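Shared between the two complexes below is chain A, which pairs with chain B and chain C, respectively.
And now, the complex of A and B:
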């Protein structure tokens, strides 16, 4: 029963990693760019939610408005920064994405310092026992919401014209423009979506972690999850997130805490060696 | 040419020696006076105001600054205003060493207020001792950072040493709760690691008691399932957790989620309202030690008045502020002010240190416990009390409460 309990708990932690990874995958899948500031986009989403909450809005309204705020943030960043360097080298984008992430983080610190702000859960944290395995309604909510977000994104990319257009942009910008796809608008939609997904991730993660600048540090695990699953695969992000969480948890129990990161990063290197595009990825990431 | 070089090196060495304000001879440190003018006493502090331990530095900075503002508004010390500046060490050893170097070599204050945690304080403690500047360690309870007999220029504040905290925890577990199976859980930082190591040593001396698990967790972690499942499998009656409150909150919540029913016992590093706010069921009956007559969230009496002043000064402070660093540093600033006054108008570092070392049975602020720095370790605070969470509130634990919790432990 311990093993099943560990797996269930790994799912919840894995959902957190997957949500961060989704922000990375979403951008890569639709623009062929890696947003190295993705962790700070989640952080910004968390502070947007916190600002709404402290303004006195009820939690359900915060859950609706925060993703909208995140989308708006994505639009502003696209208009102010990324659109201006659209035709620059990928390296320029790497630097710009780091700078945007740093700016978002420092703006949050400027306003809220580095204090930890508790964020309320949507559902109860009192555990329920099902077949000897304990899980809380809040954790079920996080898992369920993650599944809904991933499914919605999968459907968007697979069955909508706009989703396919975004993938086309990622695969070949010039070709996409030749067939009539408006590149500026496609990237604008990408960044708005990335902002919204980051804010959704934030409101799901914040009850577990509090709202603080440390949320941005989840990028490291999110990046490992995305690389493990495949940078262009939404399903891969989820699988990678859960895999990283399970490896961490089982290593801790059956080896020790000090071995956790050694095992996680070691396994990532093995996967990179065997399948450079990640377990479910289709494209090999270009060198920049 | 060679002679010229030798002469130049000798002159340079002499010049450097002349610039040095302190010297260490025969193990003793010579203190030095600087950072004092007719109108000002310059105090510098440092601690983490960014990073996972930012609550330590923010609290130390803000509590101290609030007291300085009040002291200056009341006329200062012998007509001199206190100028207080605080540097960020990000709880990183390298950055703390850089900050300490800057304070000692460049900024040259009258004294240093160390508002940082044990890991970083330990990394700079010798550097600060050797500087000769008066140093007040406001927040590290690490025994390793203390020396007996203490050199003249360093004093230790309200974060009571692990030397005293560890026996208190061991006595609580073995003598009061009468546990026979105990698990130890500690963070990987200096504070949690050394405290729990000492607790384990103390527990070895208790007959009929067995340590059934000993788990480590990353201080900045947010999932402790692995450690808690391992502890649950060992079936302890009591879990001693040595660490800080951001992790303690998640640990208590996840322990309940996993069905770990053992009694949790914590140290004062975890004493913060965010541990039980919104987490009441998981934190009920949690025991932790504390250092002051009233708890941080007590809205009555002296603490209540302090809360009002604090909220007026920092209106956007979140739940959990003031934290214990705010309270400790507020009291520390008034303790230092009293020593500055005692040292007289003709202020020197020697006189200040002498005055601080003579403090006995004082109460620098109404929220303060008893203070006596007049001991060879220069430990100004050693008082400990035990608190429990009852009905979502932190209350001092009384005999009846202790008996009730002990009954639960023996039945588990």
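And now, the complex of A and C:
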């Protein structure tokens, strides 16, 4: 296989990591929190879509309703848990978000056991050849949708008042409230948005991974993508996703399948060590 | 709140919550006799347990003790030093697999294999803790997450050594002629667990533990008072990993077969749950949490069938409703019962009332030596030359010269935003300098790291009182002694005579300092429940007990009543009479003009005046800076 072909193959995986990373970055940008359960939010989104599908809804309706279900999930989690620990220290949130993630997965296992469920693709999975590179229409759809999601989020944060208000909340909660931002509503919007993005990620990812509890662990690589790009940078999340997937693919081909996790998570450790703000993130400033 | 880290951003006025854990906080504890009796009972039960239980139950009790060792270590890093680790199970896995592999393939005896496991885990703990020098919070959590996943993957994929997903059998351990199994093993692990707990207890109550808790409560203040933050953070990670490694080694021979799933991310979360459920940052909490949560699946059906699910629910409930864990629940209840019985007002009201009278009860300051009341005396002690500091495009200080003479009280004044506090931060190495020089008592200050500044003889206070909130007044002042003392982890943990003598000396000095400031009655009160005036004086006490040559006070009188400010003036005079030079930032003009021998005035990052306080008040540039330019 040529290097170009390998890169193209890794792009879809990159899009998957990027989607998980986007959910993380979105939350970090608007609340200064890292959702350590982000992978399981996507997992939950996949099960929501699966539930809708098995209820007999047509695929296009599932694609529309799943994000709504995800948003609802975000609202519920915010109300039930996150809202109640808002005043506690950041690590309380780290632990709580891990617990919420775990809970989501265990609930899915409770309902669906550890079975693998196939999920229908939107477009064909027969590869077509473009300029000497083979790619499937389904993968093109995933790539295209990822670009749309990231563009929409970028526009939201850059050009809408609400997006900027959310960023203000992340940087200074008290200050944001003083200038009239409704903190409670801002956090609600953040979590609803995070849930919706997770569900979008889920329906894009599910056809290539199947729906099973194991995808939660696969999606942890989204953290590496987000950290690599910079936790507060949407563009960084996408670049990070693509980079992580490329590194993973090349490690697999030229080194060893078994070494993939060590290389990728080793990368995360190194990033945290050398440049915690990531490649595109704002520098971490220490204030006195 | 004992629940330190959680307390830091507590929204409710934290002062109204009686603190559970700070030692000797007075109220939350059971009477001495009751505690002794409780410990005796626990001791007897622990010793008798294997004689009363069937072998399977003894095995279970051993597993409980293994987890006790693990969580005591986790509590060091999270509870006491306030850093986050979501990789404790991974460290335990390192210890367990190292032991198993060395015993199985190399046929090493158990003690050697276990030692190797502990050492390897400790080493990796230091490596993972390294980023803690630069990062905190989420970033550190991400780094530990990465380590957890790496270990998981290595165990799973390095099949030639670890046997991968199939797991690995651990050969039976024999020491001499004693097979380490059943009762023997139980007693071995029991001794290890008790010694582990004792060691941590000793360390936490010493200089090292105070340094950890100071970092947890207020990192920058800890560093300014001489705590080498980087070193103590990595030390906490190392200790915590060593405990995990030891627990892993014990786990290996107890269970006899290692399944990689016993060390995955979710096991780390389980151990977090044990610590938080029991009570983060308390001594008895985590062992209690481990005991209950290890036993729960054996006795409660829902725990058995959906073990993880129930764990997460418990964890969330603890985070939402019981943030101090069981330990705080118990001591809060005890405090409540006592108050009920004695009819005394809640502790904070008493503290506030006491504070009002405290000031009056003190002796008058000694008469000043005549030589010191006049103009500047002595040689220049601190010299800053051409100091320039930029934040991005903003110039905070530009070519600032400052000279403080030995034995004087120097005022540093200027309108808001003039750069006074920035200058303090430069002098104490909190901020980097772009140009210029700082010399103090002949030493080039710019070569020092922040925690070395106080050792050079320069102590400071902060504008927004930076106390170590969960620590008592006495412990706060003791942090000021940190840089003078030397006993580290081993000496304090083993309570060697040198450590005990040092601790005694430090406590005497700290008590004396509290007495000079009229604060001895608050010695055992957590700083966060003291009123602002007392906190300010306490912070000055911290500075004094560090025995600096120069004490820098940043707006010490702000927020004080007139009476408190007058008392503070006496304090400052007393400090100077004891031979300490004072540099003072203050907006209260009566305060600063009444005290200072000379003043330097800053405006927009430049020095606009330097001279006597009397001349400053009539200097046109100074007047203009304060009142605005007079239109001509």
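By our rule, the second predicted complex is superposed on the first by the 266 of 288 C-alpha atoms of A that agree within 3 Å, B and C clash if a C-alpha of one lies under 4 Å from a C-alpha of the other, contacts with A are read in each partner's own complex, and residues count from 1 in each chain.
The working rule: contacts are C-beta pairs under 8 Å (C-beta built on N, C-alpha and C of every residue); 3 or more make two chains touch, one makes a residue touch a chain.
Bear in mind the structure is a predicted one, so any value in this text is a computation, not a measurement.
Participant: Could you say whether A:231 touches chain B, chain C, both of them, or neither, answering first, second, both or neither?
Facilitator: A:231 contacts chain C only, not chain B.
Participant: Which partner does A:273 contact after superposing on A: first (chain B), second (chain C), both, neither?
Facilitator: A:273 contacts chain C only, not chain B.
Participant: Quick check on the superposed pair: does A:87 touch chain B, chain C, both, or neither? Answer first, second, both or neither.
Facilitator: Touch partner of A:87: chain C, not chain B.
Participant: Quick check on the superposed pair: does A:189 touch chain B, chain C, both, or neither? Answer first, second, both or neither.
Facilitator: Once the two structures are laid over each other on A, A:189 reaches no partner at all.
Participant: So, does A:34 touch the first partner chain B, the second partner chain C, both, or neither?
Facilitator: In the superposition, A:34 touches chain C alone.
Participant: Please indicate which partner A:210 is in contact with in the superposed arrangement: first for chain B, second for chain C, both, or neither.
Facilitator: first
Participant: Both chain B and chain C contact which residues of chain A?
Facilitator: The overlap between the chain B and chain C interfaces on chain A comprises residues 109, 258.
Participant: Mind listing the chain B positions that touch chain A in their complex?
Facilitator: 49-52, 54-55, 58, 188, 215-218, 220, 222-223, 225-227, 229-230, 233, 246, 250, 253, 256-259, 274, 277-279, 281-282, 316-321
Participant: In their shared complex, at which residues does chain C touch chain A?
Facilitator: It comes out as residues 5-12, 78, 84, 86, 128, 130-131, 134-135, 137-143, 145-147, 149-150, 152-154, 157-158, 220, 266, 269, 272-273, 276, 306, 308-309, 311-313, 315-316, 319-320, 323, 425, 430-431.
Participant: Across the complex, what residues on chain A touch chain C?
Facilitator: 28, 33-34, 36, 81, 84-92, 94-96, 98-100, 102-103, 106-107, 109-110, 220, 223-224, 227, 231, 258-259, 261-262, 265-266, 268-269, 272-273, 276, 284, 288
Participant: What residues on chain A touch chain B, complex-wise?
Facilitator: Spelled out, the residues of chain A in touch with chain B are 2, 5-6, 9-10, 13, 109, 112-118, 120-121, 125-127, 129, 134-136, 139, 208-210, 212-214, 217, 245, 248-253, 256-258.
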